[in-house]
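Residue numbering begins at 1 within each chain, and the chains themselves are lettered A, B, C, D, E, F and G in the order written.
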Amino acid sequence: MSKPQQIKLSVPIKIMTRMLNKEVVARLKGGVAVRGVLSAYDGCMNLVLDNAAELDNSGEPLARYGRILIRGSQVIYVSSAELTA
Amino acid sequence: MSKPQQIKLSVPIKIMTRMLNKEVVARLKGGVAVRGVLSAYDGCMNLVLDNAAELDNSGEPLARYGRILIRGSQVIYVSSAELTA
Amino acid sequence: MSKPQQIKLSVPIKIMTRMLNKEVVARLKGGVAVRGVLSAYDGCMNLVLDNAAELDNSGEPLARYGRILIRGSQVIYVSSAELTA
Amino acid sequence: MSKPQQIKLSVPIKIMTRMLNKEVVARLKGGVAVRGVLSAYDGCMNLVLDNAAELDNSGEPLARYGRILIRGSQVIYVSSAELTA
Amino acid sequence: MSKPQQIKLSVPIKIMTRMLNKEVVARLKGGVAVRGVLSAYDGCMNLVLDNAAELDNSGEPLARYGRILIRGSQVIYVSSAELTA
Amino acid sequence: MSKPQQIKLSVPIKIMTRMLNKEVVARLKGGVAVRGVLSAYDGCMNLVLDNAAELDNSGEPLARYGRILIRGSQVIYVSSAELTA
Amino acid sequence: MSKPQQIKLSVPIKIMTRMLNKEVVARLKGGVAVRGVLSAYDGCMNLVLDNAAELDNSGEPLARYGRILIRGSQVIYVSSAELTA
């Protein structure tokens, strides 16, 4: 997928460039968490994840989606995929 | 239904073009989820779904509507329809 | 009641024109749902419903009002009236 | 009390002119409902109610106030007083 | 304490002038209620209360403060002190 | 710590000048309360507290921090330290 | 990681400069708390934490991440790491 615009992004937002095409976990409002490959983002933290799954509290998939568009205002955090313990 | 304006949409929002006229699932604030055919959207993520249903926690229809207009500020995510397991 | 301004409304908001003078169901924040005849709206999704009722979880009227003004920022979705099963 | 400014109000907000000096019920965020005589409002839906009462879930007064100023951003809906069944 | 600016306040906000130096009850988000003497306010409904107390559900003081600054965006309503029954 | 800018602050916000270098209690969204010495603030009510503690419901320290930066949008109220009963 | 822009930050936000490259605890909306080394921030309080962990109510790690990007609007407070009792 095309690269996001590199203009006017603050330093924290810019680190998402390094997460592109990698698996990330996003924690969202309303107790929702999703995992997938980050294929696009913008400066509002709107995110596109491919091969995505919504996760339950123990991190198991609740529902699987080919592609998911997440509204940035609902994002609490985005992380590189969880480390194995 | 007419096509949305292609102007000034960020890369993530633009992927909704590929969801037009297809079935999507939208998770909304307040624990609400809806499913339907995406017939229009705009850059605020306001959505119009046709042949829509509000879903319960297990994905079963709670109520059916011919057409539903969803306020973008209430959207957590929009996805292509759930994959079969 | 007078028609809303047709200026600068996005495509999704414009579909409310077809809901004017018809019965709609609006789901609002705070677990509130209302039903009534849509007599006016604007681009913020502020809504006026006539012959309105607040509904309980099973869709039965909790309270009836001659007219109700709903603040757009509280709207989750507006739909054409529920289809019979 | 003096009349509100009639300038730049959208059609839905303008219907509050007809509610002036009449009893209204306002449902607010946080599960709060109030009843009183609408003596002033503005385009943000800030409301002044006189002879006001906060209501419990069954519509009975919890607390009575000579005058109450409600912040518009907290309003879910404003209605003409509830119809008798 | 100095008087607030009288400029550009809408009619509803202006009624707080009559509440100055009187005891008020403010209901805030998060189930919080406070009582105290209104000594300053501004057009955002930021409030300063003196001889203030946070109240429990039955209106009894939970905590007392010499002075409290309330953020306007958290205010649900401000009222003249509760009427005796 | 340096003094905040004195420009364009409304009357309520300005009273925080008198709270500088004194112990305050701040009630925040999400049921969080903190206590500490106010060492800086700005017009958005962003606060810096030194020798800070997060408090439980009975006002006892849950966690202690050398310094804490509180986001203004999360503040419900700031008060001078609680009066002894 | 590169230093944040020093322009137009209010006094409270500027204190994060002293937290750079140190361990911090951030309390977020939705009952979420995270701990990690602050490697970047901006004036919206968007934060990047390295060697991060989401914490449970007793401060124990629930999940570990190499890097986490936190959306500023979800931050309640950021603190220097908790003091030992």
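Just so we're on the same page, a residue touches a chain if its C-beta (ideal position, glycine included) is under 8 Å from a C-beta of that chain, and two chains touch if they have at least 3 such contacts.
Every value quoted in this text rests on a predicted model; they were computed, and no experiment measured them.
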{"item": "Turn needed to bring chain A onto chain G - CA fit, degrees, nearest 5", "value": "50"}
{"item": "Same or different contact residues where chain F meets its copy chain E, judged by the half mark", "value": "different"}
{"item": "Rounded Å distance, chain C centre to chain F centre (Cα mean)", "value": "42"}
{"item": "Whole-Å separation of chain centres (CA-atom averages), chain A against chain C", "value": "33"}
{"item": "Averaged-CA centre spacing for the pair chain E and chain D, given as whole angstrom", "value": "19"}
{"item": "Shared interface positions of chain E, touching two or more other chains", "value": "29-30, 73"}
{"item": "Contact graph of the chains (line, ring, star, complete, other)", "value": "ring"}
{"item": "Traversal of the chain ring from chain B via chain C", "value": "B, C, D, E, F, G, A"}
{"item": "Chain D contact footprint on chain C (complex, rising order)", "value": "1-2, 4-5, 28-30, 32, 34, 40-44, 46-48, 52, 54, 63-71, 73-74"}
{"item": "Footprint of chain C on chain D - complex, ascending", "value": "10-13, 15-16, 25, 27, 29-31, 45, 59, 72-73, 75-83, 85"}
